[in-house]
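Consider the two complexes below, in which chain A is the common component and chain B and chain C are the respective partners.
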Partner chain A sequence: MIDAVDLSLVDWSRAQFALTAMYHWLFVPLTLGLSFIVAMMETIYVRTGREEWKRMTRFWMTLFGINFAIGVATGIILEFEFGTNWSNYSWFVGDIFGAPLAIEGILAFFLESTFVAVMFFGWNKVGKKFHLTSTWLVAVGANLSALWILVANAWMQNPVGMVFNPETARNEMVNFWAVLFNQVAVDKFLHTIFSGFLLGSVFVMGVSAWLMLKKREEWLAKRSILISAIFGLLSSLMVAFTGDMSAKTLAQVQPVKFASMEALYDGSKDAGLVAFGILKKSDEKILDEKAASNFVMKIKIPGLLSIMTGGSRDVFVPGIRDLINNGDQNRNILPIPEMMQRGKFAKGVLDDYKRARLVGNRDQYDVIRREYFENKTFFNEYFRYFGYAFLNSPEDAVPNVQVSFYSFHLMVMLGFFFILVCVLALIMLFRNNLVKNKWFLWIMLISIPLVYISSEAGWILAEMGRQPWIIQNLMPVSVAVSQISAGSVLTTFILFAVLFTALLAAEVSIMVKQIKTGPKH
Partner chain B sequence: MFMETGQKKSSSLVARVFRFYYEGFTTMSSWGRKVWIIIIIKLFILFFILKIFFFPDLLKKNFENDAQRSEYVLDQLTKTTVADD
Partner chain C sequence: MTAMISYIFLQHYWWIIVSLLASLLVFLMFVQGGQTMIFRLPANDGQKTMIINALGRKWEFTFTTLVTFGGAFFASFPLFYATSFGGAYWVWIAILFSFIIQAVAYEFRSKPANLLGTRTFDIFLYMNGALGPLLIGTAVATFFTGSYFSLNYMNHVKWATPFGGLEALLNGKNVALGLAVLFLTKTNGLLYIMNSIEDEDLIGRSHKKLIFNAIAFLAFFLIFLFSILLSKGFAVNPDGTVVMENYKYLHNFIQMPVVLILFLAGVVSVLWGIGTTIFKGSRKGIWFTGAGTVVVVFSLFLVAGFNNTAFYPSVFDLNSSLTISNAASSKFTLKTMMYVSFIIPVVIAYIWYAWRAINIKKITVDEMNGEEHKY
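Up next, the complex of A and B:
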């Protein structure tokens, strides 16, 4: 019964998807954040009528334009990969992805062909207010465009609003609003756009710091830092707030991922949050008793994890071992072996259905369809654990703990670092000693790569922490992958690596040239 | 007469939009030209090389109709039993 799936094929397919998604994500957040900063600057220009603000707006708009143009359509590659490398998955998700991605496509087309054109071609050709409106619409549109992609991704983290049709082997959307207002989608959208705003702010602060270090454009640089530091500070606080919202949701819908983020093997009440820690090196998922001391060192904030997940120090936070052995009764989370049993039962029913259909026994497969697939209890109590049928042991449901732990902690530490950077920038601006503090100008400049690292770390946590699932609880990556040769995936992996690296190099080189040229007089 | 005015208006709108884009492209800055060249090369590589030669829709390519596709996927869903990391 067991068909061997070539794990190197799965690994290469995952590596290719990770590569394209991570490169794509280098372009997107700057578009999300910088578009709003440009819109704010242009608003000040329209209100004051001062040419310096127009000059400033056009300078940052140029950098926005370069990033936008180079990044355009890099996400489409992910859709190519779905059809070729992940064809089982693509079919299985059915129309759930179709609607959000179609909305995104239409929105992006109209946005790009009209308002972006007005933004760049419309200076001195359309009225000031019309131009400003276009700039704001580009900012709002780009962020709304991200919404639909994130809704699709959130469904993979927490599949809701659908039923499985065994006749077509596809999921069918039955509640669009449940998909749109999926708690994971709401958290993910807010967390992602605010992190994009923060990234845009840190980018503006860093480039302005470079101009100040070169003793150029001090007026423009100071005002750019003022706007971006305020915007960045507000955004970073919202990133922390929405991150907390996400953690609460994760504890409910992806509890193993949540425990892995904290490398928490044994749960407790009054559970502390690891502020900083170094894990012992291990190739194992350390699920035996030795795991109790899986840290080389750690600094913990007592009780905070319990408060974050349940609002009180008395709340029990289950660890990985608890989830495997006992589940979490407070949150109606079953032990993993129980979920495996239920998944196997659901798979057995689907297998019976398939066999009945194969031999043309219509009566039998009508009965199976009626009694199981049209039965809400079967769907909610059994089929929702369908993916567990493919696991060989409960430990297979645990992601790579080291990757989850470090990506989460790196993201959070850098997040707090950026709050500090924004606050210090504002203090120095108001004290009028920013130019004198060259060390801080360097910190702002160095923050540009750091903010990208923190943004990528967030996605590494989201996607690696979800393993082994491509769709949480329903489909593991090993089932989703197409049966093609690993060699062909490796070939396209290399092609993408070359293409994206060339695009990134082009972006950086054009952008650096424009920054060095500076704003036009 | 009303129709003529309407036609004139719509044709002048089309002409204005055309002129807007035409002037925009012809007076574009050097960075603008560079990124447009990159966009065109990128789209060509994506849609005329990668999509056609490397990224076929497997289920569309290998099967004639949706019934066959669903049968294949159903087969995969009920046969494969392997865990990844």
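Up next, the complex of A and C:
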């Protein structure tokens, strides 16, 4: 059914998408967070009428504008890369996946782009209240657009609300609400936008700290820190809360990813959560028992993993090897070899059906359709494992454990660090000794790159942790890829890499210059 | 009521929405057309700044329309998305590339420490202005002339040439439409500049350039139009097979008189906008050519997709051709999306409102000197 796939084509296609997504994600979270912070500042300006607040709003708005344009530039590529590089995927699930992208354009992008023009150019053309409303609408539009693309991404992690149509050889949506209120979508949206708010807050705190270190604009810097530290603290607590929600869902719908991010090879009851650990650099096979002690060192919080996933220390948390060999009977998760068998059976049925259609054997394809494709048991027991038909061995179903583990732990550790930074910033502000504590101003400044690292790590976990799937259990990346030459993709990868890097360098340079110039008088 | 909505109706409804977005996109590419003027039209830096700011305040509408067009096409006709983007790889990548460099160019060009220099960003604007409309026009022409691909029984695309769609540039009809779109956007760009900037000298200079660009547009447009009206087209039989039919697109116009009337009205409106500017010195020509552009492109899309016509034909394998029936999403998805589309009038209303708020006063040198957020 599928032509032999050139692995380097898959790799370069993945590399190109990862490159675009990671660059895009350098700019989007700042837009999500800074848009609200700017809107809050402008609200204070409109309510108090004080020019200092207008000046502050316009300073942060300038930085917002520089960042916004490049976010838009990288975003368009992502949308079209689903077609250019993942065309088989686009057909297989376009019936479901396309809808959120279209809604994103109609409902969110126009809101954002229409009112961003008023926000930038309307200061002297429209009334204060209209301008303020526009600023809020930009923030709402930006976050609405995040909603729809995250609904689409969540569907790839946990496909729901669809059936497979053998005639068209694709999945078709049957329940829009199931797609929209997919538990993964709810978790992912909340976790992502709050992480964006946090990133925006840390950015404002860091830049303000730099102004204070340079003994400039103290009035503006202090108030910026006050607003962003409050916003950041609330957001960081929500990030932690929604992260916990996400983990619980993940344990249900992507158990192998969940075990990989904890590097949990062998499960147990009373399973502990690794707070910090260093993995052995291992090239042993996953199924090899010698790999059991896979940590050089670790600090573990006893029982927490069981409590997190099931609410009690008695809950058994399966490890990677358990999932491969035994599955998890408590949650109706089959062993991977069993899923592979069922997937192969489903694929065989589909191939037979398509072959019968091709040669016009009506009797045969009528029988196949009645017996299988109109039979719920076939879908629930077999077709849901369709993607496993393309795996060569059970280990193929396991993502890169090192990448999953480190990206997860880096994200979480930094997440808790930012809670601390926000709390300390507020304490020092209220004690009025922030300026004296230069060490802390430096910490706030250094937090800027750290918050970006933490944010990117989250997406590395989400996307690389999902491997080998592009759609969990249904389609591996190797089947989804467009059949173009690997050389073409390599060429465009290099073109994009050079262009994005040049634009990023220009953006950072402009941003630094604007910050050094400071707010205009 | 919803039970009465047929699958065929929904397919047509969504082709109309996609066609509308495409036609709005071609009109909004006046921004691109204007960008090709930034080096030779202005007599001084002041004029250049005014031109770039007049266009720069609208670039996001064009960009957003392009993105929404892509999203709507994906949602409603995913097989087109998979086939064309995954097959005509180089054409789409080139189009995208020209749009990435535009998005940052406005914001970065005049900012201090922009590393690449103002001139580089201005060249980016020029490249986007020239390549964007030319390539989009060429790609759309393949809706009438066909492409080289086949689909297997899983609907997976295989492109039959190693050039990833760039071979479309070797077909004269395709290039004629590409050039027609390019000169149309240049014409609209000039008309927009004349409408939104208060500068007598600049208006005079735009006036001179308008004549050449309008004639070039008309010449290439007529070449394309007559060549497709007089050639064979891709007709769909009742059993779904695709065959070549003589004068198919001419037949479509005749068999769909409403579309023909729309098309002719659009052409008249475009000509009126150009004529009234050239001969009467009007500065409101953009409204007529703009509206005419939307109607003409819209009717051409209907001719490409309606009346049992394959809208994305394959000359390599006729029966891999895409129609609004075989490329469409499921009935459920199209219906769900139809409800979402009911919000479009609200979107148009607020765009109109915000557009007027910003354009109520024409751009002047004085405004540019006092503007804090300036490109």
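Everything below uses one rule, namely that the second predicted complex is superposed on the first by the 508 of 521 C-alpha atoms of A that agree within 3 Å, B and C clash if a C-alpha of one lies under 4 Å from a C-alpha of the other, contacts with A are read in each partner's own complex, and residues count from 1 in each chain.
One rule holds in what follows: a contact is a pair of C-beta atoms (placed from the backbone, for glycine too) under 8 Å apart; a residue touches a chain by one contact, two chains touch by 3 or more.
Remember, predicted model here, so these are calculated numbers, not experimental data.
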Fit or clash - chain C, chain B, common chain A: clash
Partner contacting more residues of chain A (chain B vs chain C): C
Partner chain(s) touched by A:Asp322 [first = chain B, second = chain C, both, neither]: neither
Chain B versus chain C as contact partner of A:Val72, first or second or both or neither: both
Touching partner for A:Glu262 - first (chain B), second (chain C), both, neither: neither
Partner chain(s) touched by A:Val512 [first = chain B, second = chain C, both, neither]: second
Which superposed partner A:Phe80 touches (first chain B, second chain C, both, neither): both
Which superposed partner A:Pro476 touches (first chain B, second chain C, both, neither): first
Touched partner set for A:Phe130, first chain B, second chain C, both or neither: second
Partner chain in contact with A:Leu391 - chain B first, chain C second, else both or neither: first
First (chain B), second (chain C), both or neither touched by A:Phe121: both
Against chain B, colliding segment of chain C, chosen among 97-105, 169-177 or 223-231: 97-105
Residues of chain A that lie at the interface with chain B and also at the interface with chain C: 1-3, 62, 65-66, 69-70, 72-73, 76-77, 80, 83-84, 87-88, 90-91, 117, 120-122, 125, 168-170, 354, 482, 484, 488, 492, 495, 499, 503, 506, 510, 513-514
Interfacial residue positions of chain B with respect to chain A in the complex: 20-21, 23-25, 29, 31-32, 34-36, 38-39, 42-43, 45-46, 50-51, 54-60, 66, 69-71, 73-85
Complex interface listing, chain A residues touching chain B: 1-5, 7, 10, 62, 65-66, 69-70, 72-73, 76-77, 80-81, 83-84, 87-88, 90-92, 117, 120-122, 125, 166-170, 347, 350-351, 354, 389-393, 396, 399-400, 467-468, 476-479, 482, 484, 488, 491-492, 495, 499, 503, 506, 510, 513-514
Chain C-touching residues of chain A, taken from the complex the two chains share: 1-3, 58, 62, 65-66, 68-70, 72-77, 79-80, 82-88, 90-91, 94-99, 101-107, 109-118, 120-123, 125-126, 130, 134, 165, 168-170, 172-174, 176, 354, 357-358, 482-485, 488, 492, 495, 499, 502-503, 505-507, 509-510, 512-514, 517, 520
Of all residues in chain C, those that touch chain A in their complex: 57-58, 60-61, 63-64, 66-72, 74-76, 78-79, 81-87, 89-90, 92-93, 96-97, 99-104, 106-108, 111-116, 153-159, 162, 164, 329-330, 332-333, 336-337, 340-341, 343-344, 347, 350-351, 354-355, 357-358, 360-361, 371-373
